[in-house]
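By letter and in written order, the chains are A, B, C, D, E, F and G; residue numbering begins at 1 in each of them.
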Amino acid sequence: MFTTALVAILIAMSLALARALLGPTVYDRILAINAFGTKTVLFIAVLGFFNGRPEFLDIALVYALINFVGTVAVLRFMHYPAEIFQSDNDGGGS
Amino acid sequence: MTLLIESLSWVLLVAGSLMLVVGAVGLHRLPEFFTRTHAGSLTDTGGAGLILTGLMLQAGPNLIAVKLALILLFLWFTSPTASHVLAQSALRDGIKPEAEDETS
Amino acid sequence: MLDAILGLFNYWIAIGLMMTGLYIVIAHTNLVKKIIGLNIFQTSVFILYISMGKIQGGTAPILAEGTLIYSNPLPHVLILTAIVVGVATTALGLALIVRIYEAYGSAEEDEIVNKDRRA
Amino acid sequence: MNFELIIDVVLLALLVATAIGIASLRQLFPVAMLAGIYSLLSACFFVLMDAVDVAFTEAAVGAGMVTVLFLATFALTSRTELPTRPRRRQAALIAVFLTGALLMLATRDMPHFAAADAPIHSHPLYERYTVTSNEEIAVPNVVTSVLASYRGYDTLGEVTVIFTAGIAVWMLLAGRSRRNKSAKGMQH
Amino acid sequence: MKLREEQTILRIVSKLLLPFILLFALYVQFHGDYGPGGGFQAGVIFATGIVLYGLVFGLEAAETALPPRWLQVLMPLGLLLYAGVGVANILLGGEYLNYNTLDAHDPVHGQHLGILLVELGVGITVAAVMVSVFYAFSDRGKD
Amino acid sequence: MTGLALLLEQLPALQVVLPLLAAPVCVLLRRPNLVWALSCLTSLGCLGIALTLARQIYPHGVISYAMGGWAPPFGIEYRLDELSVFMLVVVSLAASLVLIGARQSIQREIPADRIHLLYAAVLLMLTGSLGIISTGDAFNLFVFLEIASLSTYALVAMGRQRRALVAAFQYLVLGTIGGTFILIGVGLLYMMTGTLNMQDMAERLPPVLHTTTALAALAFLVIGAALKLALLPLHIWLPNAYTFAPSMISALLAAISTKVAAYVLIRFVYGIYDLRWSGLNLPLNDVLALLAVAAMLFASYVAVRQQEVKRLLAWSSLAQIGYIVLGLSLATSAGLAASTLHILNHAVIKAGLFVAVAAVLFRQGGSTLQLADLAGLSRGMPWTTAAIIAGGLGLIGVPLTAGFVSKWALLQALIESGTWLYVAALLASSLLAVIYVWRIIEACTASTGDRDIQRREAPLGLQLSIWALVAMNLYLGINSSPGMRLATEASGRLLAPTAGVPL
Amino acid sequence: MSFEPASAMLLAVLLPLAGAGLIALCHRWPNLRETVTLVTAAALFANVLTLVGPVLEGIRPDLLLIEILPGLGLRLTLEPLGMLFALVASGLWIVNSVYSIGYMRGNNEQHQTGFYVCFAIALAATQLLAMSGNLLTLLIGYEVLTFSTYPLVTHKRNAEARAGGRTYLGVLLFTSIALLLPAIVAVWYLAGTIEFRDGGVLQGMVTPATATALFALFLFGTGKAALMPFHRWLPAAMVAPTPVSALLHAVAVVKAGVFTVTKVAVYIFGLDFLSVSGAAAPMLWVAVFTLLAASLVALSRDNLKARLAYSTVSQLAYIVLGASLATSMGVAGGAFHLVAHALGKITLFFCAGAIYTAMHKTQVSELDGMGRVMPFTFGAFLVASLSIIGLPPMGGTWSKWLLMSGAADAGLTIVLAVLAISSLLNIVYLLEIPMRGFLRPPAQTGGNGGIREAPLLCVAPLCLTAAGCVVLFFYPQPVLMLLDTWRLQ
């Protein structure tokens, strides 16, 4: 049963990677890479169960987090580099 | 009871897998960026949700399930946000959501 | 024969990856790409090491109830350290690139060499 | 095991595809993200190889921090690279193939993958770490006990490396006001 | 600019996530004995949290939350903590980094204590270095 | 046991930990002069410890120190034999002598707010170098090699010209490739022997010596070390790094970095493997010797054609590295002793020359020194000129300088093994050395012509450093029996037949 | 002075060094500086003289200064040959110093302090060389001599001087590093020692072929002996001021070369071994060739100093020839020629310098009729020429005689013939100068305002050394006695 899920995830990963390599626009690539990241999270999660040692979910958790930061970083640096570099006075807030 | 949970999680896992594959095929086959965004979101939220819920059922009520829930939370928060921001900046960048025209 | 292929497959792929990384380092003139190449090169070496530590039917070396076979933890420890070394090198390399770009207005090796030659 | 082997093969194939993608793409932002993916994939591979700590680290560092740094660097420098020159490519190929050939030669007499009788598993180190450490240190995560105690000195070195990098980056990049001064100095 | 309005969602989500991330970093730091993780990973995760904050709310916001001056102290402090444990071991009559000496009666407890301190040192230095590297890079783009 | 005796036992660890502790303290202290004083004290402390260790090891043999109390091979072992303690003395001595004079020069060349970081990096480099030398663990060696390398990259990048950055980057890329090659080599060795402790490796290696894996491991280790050592043709990073680094840092690099890399090479080819093993089906000594000869001749030739003094000295260093490698490639006790001795002598000579150049630059300003800029030096800075001449004569190998003794030892070793072609190459390289040294001396004594250069001697600190190094140079040239004896004993230990070795 | 002979030896090396330091200190007071030079020279000579007595008694003072490497030390030993050389060098230094003062002041040369300092250091080096107890010490003296004379050669600091200096240094260092040093290392390796011992150290240690090769290495390696093809430095060094040329050609440098050759032949190879193994034979012919060829070149040179330089090359070959004959008679002849040629050649150079100082003439063809203007100078020139040619009643007679007997002993008739031919050539190229001076009518432009000699400080030394040439003929006993002591042992 986990096998099925793993196979499916692997197929999805391959397809996403293919899209990332094929492009054609930068956004396509980023989207694909982002989707790929999500799949990796699932992959790790399922793999833990498959191996019978599911306590290693921390890794998947980290992935989920990192994936998000990575995407934010790409968008930030691609489009608004000036903005993080410049101050944003009330931004810190709360 | 166990059997019920077992089979339920099985169903969820298979459904999730299916959704993943469909989403991935969509990501690959759909003609242009915005439609692909759609496929991507589908995978991230739907597929991931189903699979993680399936796993939660497997794990039973313990720390592992909590972690799985956290992962799910993360994904549900971050994935749409990322897609949203991505689409937004693509728009700003001048990419038009036109299905017919697949150009690079 | 098949035994040899299966038994060495991981190493061969790791070698292929190393070669790709090394190729990027040497062939590409963009300095950041060079650093990325170095990263790939190093990560591939990590793959080689980690493959070494695997034992058939083993599980992660976190002790648990029951008699389990654990994969060899030593390569893991070594690679943890090596990863850190890799990050440190990357950070320093990138900092250098930023400064180089500020000084030369370019991050392409050929252009930098040309500018120095003209100076 | 067989199914694990299939996963192993697929993951490695994906790694190769990613590496080739990195080598061939010239838009640098996607390259940085692919480098992140490369890290993620190798981390998946590490999980498969039971190296969970390594996978953890590789994910956090390779896919996270390093990718952010790459992106920041691209934002500060250029976003596309120039094509490589053929002569350079040839030189690179020669160097790479020599290295590769040497490595392939090395594999000839290697103990096979996952073989339980490989020297590294039959050396007393293995048993000491996986069995005796339970009494000596009594920390379930063997990697932690080896990392922090048996080879704690290595880890001190590791922290020193990171510290060195911190100092180095600080030395190179900190202090904007002086930078302008030194930039003037550089142009004589 | 209407940039900020466009990114409202991003801001809210990030703000929600941030406590989780920092908490998770602490968890990884102190759970390293039992599962994957340890000082290094914790430091990186902590730094990642700050990076996220900086990315979303701007560098200055991040620098107010965690001033560079602190980092300049924390960076050497972590290393000193690690190396200092070793010196303490020497003073207690053992070899360098021999944690057994930390508890005269129960060497295993000594080991635990040593590992805890050492991992803390790793975590502090790694987090400080990572954040300050990020600051240094971001700072460079302010022109 | 008294406290002092207790402390004595801990010296192998303290040797490395002392600068390791001082580096973060430097970062915390921030005051340039204070930090400088601390660095000096630390390096002098290291020198003291190294000498104390030498007094223990030379009569009594190897000291093994188990880090963390874990007996080798389970923990990391510090293993100090005659060779390593010799190197410890060389490195800490060179570091102290250079650092003593570094204050003013660094103050002039480095922005004030980075000075404390620079000294911290220097101390880290010292930590790395001492760690490499002391350790008995192959992987630990890699870690400390990277500490030393990383800090060196940063130090090189602090040069005043923008080309320093490029030089540092080039060094970083090649150095990292070298480091990774060493990592691969260590990995392959670990795969075949199951251990990381070098002693343990050496014992477990003979049965698997015939395997291609073990041979490839050796190849990777040697290539990696050669990259860090800048042995031709892997030298391209070195001339730029030496030329554009801050001048006192060039002195440190010349005295320490490549020397430690040479030590690493010796450790690999003699400590783990043994070039004399008949099972070793590699023509490794021939290859090394040929590369060394090529380095001696080609680098000397290039040095002759240089116009920039630091670059000239850098190429001369490459040639001198050739001498060191040639000696160790002979696989004889005499050859290895000659190499070891030359490591010491060349460190002293080159450090002296680079510090002298730093003194000239201190008065002249700028960051590079053309030969033509030296005109009139003998009038304005006669003592510095004298030091440059003394160092130059040492490079040639004129009697009564340290260079003569090691050249003599090397010649003798070459004649002993009947390799007359190498003798010829050594002599040819010496002749080229005459030419490039003479170009410097001629430039120093040339009249200024119409240009009027106002120069006076460098500040006391720099002079002190120069003269300490020159005095060492002459002392080692006049009374070299002790040095030679120590080097011979060191090589003797390394080549002593151990049980089960297939000679 | 009541020093132990051993301390006197050390003093002989240290005195000029101390003198050099003092001279440097007296930078600002030229008169004091020159006084220091003269006093040091005199003290050195006196000190060396004290050593003659013990050496004649057969004592060999020996002093190990320091061990550089085990068995490889700085060692001073004085044997008769070295005694002779030390005596000649220190004695002529006094004369040369006096002359230098006249010359340097007469020509208003620059950097006079540096000049005297280097001179003193060079002297220290010759003393070290003369008293060296092993090859290493000899090599050190040899190299120090090279380096300390380099600033003297390039004294003028112009492009020409620098080019000459480059050749000078290039040839000397090349030969010493590429040939001499390996020869020394080989001796060390083959014989296990590099000490100078009676009867040599190589006997029984090497095959004749190796010995031949080694001997060739030593002879060519001693670039200062100016055997062809390594003679180029000598004419190149003529850019130097004349007192320097005198030092180079008469006192220190070239004599150091031939002294090295003789000492190596006697104390490293041993004459017996040398003649039995035939190792010296090939070098004999090189010496013969150099002798003839240099004489022929000298004939074709019009520049006075260049002619004298080639004459030196030729005369040095006599001494090398003497050593290569491998008979005690030959070596004695060579050693005697070392003294005779020193006296003769220094006179000739002094004369050349005097002519330059007084008349600013450098070419032989310009000297017509000058003899009447500078009778003392040209008279001295005649005397010294005769001595070098080997005609009685001049000191050179004895050395030619000894050499010829040596050649006859060895049964080498051809060498006898060569010596005869060479003497004829000497007559032609040396006697031409006094002949022109005294017999030809003066050139049109030349003033005929009576005698116009160079300053007294220039003329007095050259008269003194010319007189020395004559004295050496009538009173050769001291030298012969020294050589006898050597032969008795």
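FYI, a residue touches a chain if its C-beta (ideal position, glycine included) is under 8 Å from a C-beta of that chain, and two chains touch if they have at least 3 such contacts.
For clarity, every value in this text was computed on a predicted model and none was experimentally measured.
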**Message:** If you apply the touch rule, which chains end up adjacent to both subunit C and subunit D?
**Reply:** A, E, F
**Other chains in touch with both subunit A and subunit B** = E
**Shortest contact path, subunit B to subunit C, counted in steps** = 2
**Asked** Looking at A-D and C-E, which one has the bigger number of contacting C-beta pairs?
**Response** A-D
**Fill in**
Taking mean C-alpha coords per chain and comparing to the overall C-alpha mean, nearest is chain F
**Request:** Using mean Cα positions as chain centres, tell me which chain lies farthest from subunit D.
**Result:** G
**Asked** With chain centres set to the mean of the C-alpha atoms, which chain is at the far end from subunit C?
**Response** G
**Message:** For subunit D versus subunit E, what separation do you get between their C-alpha means, in angstrom?
**Reply:** 21
**Item:** CA centroid of subunit D to CA centroid of subunit F, Å
**Value:** 29
**Averaged-CA centre spacing for the pair subunit F and subunit B, given as whole angstrom** = 57
**Item:** Whole-Å gap between the CA centroids of subunit A and subunit E
**Value:** 23
**Sites on subunit C at which at least two other chains make contact** = 18, 22, 35, 52, 59-60, 62, 64, 74-75, 78, 80-81, 84-85, 88-89, 91-92, 94-99, 102-103
**Request:** Pull out every residue in subunit B that's touching 2 or more other chains.
**Result:** 70, 74, 77-78, 81, 85
**Item:** Multi-partner residues of subunit A (at least 2 other chains)
**Value:** 13-14, 23, 30, 51, 55-56, 58-59, 61-62, 65-69, 72-73, 76, 78, 81
**Prompt:** For each chain, which other chains does it touch, given as pairs?
**Reply:** A-B, A-C, A-D, A-E, B-E, C-D, C-E, C-F, D-E, D-F, E-F, F-G
**Prompt:** In their complex, what parts of subunit D are in touch with subunit C?
**Reply:** 1, 5, 8-9, 12, 15-16, 19-20, 22-23, 28, 31-32, 35, 38-39, 42, 45-46, 49-54, 57-58, 61-62, 65-66, 69-70, 72-74, 76-78, 81-82, 84-85, 88-89, 91-93, 95-97, 99-100, 103-104, 107, 110, 112-116, 118, 120-121, 125-126, 129-130, 134, 140-143, 146-147, 151, 154-155, 157-158, 161-162, 164-165, 168-169, 172-173, 179, 183, 186
**Fill in**
Per the touch rule, the subunit E residues reaching subunit B in their complex are 6-7, 9-10, 13, 16-17, 20
**Asked** For the complex, which residues does subunit G have touching subunit F?
**Response** 66-70, 72, 74, 136, 139-140, 143, 147, 151, 157, 162, 166, 169-170, 173-174, 177-178, 181-182, 185-186, 188-189
**Complete:** The residues of subunit A that touch subunit C in their complex are 51-53, 55-56
**Fill in**
subunit A partner, complex, touching residues on subunit D are 3, 7, 10-11, 14, 17-18, 21, 25, 27, 29-30, 32-34, 36-37, 40-41, 43-44, 47-48, 50, 52, 55-56, 59-60, 63-64, 67-68, 71-72, 74-76
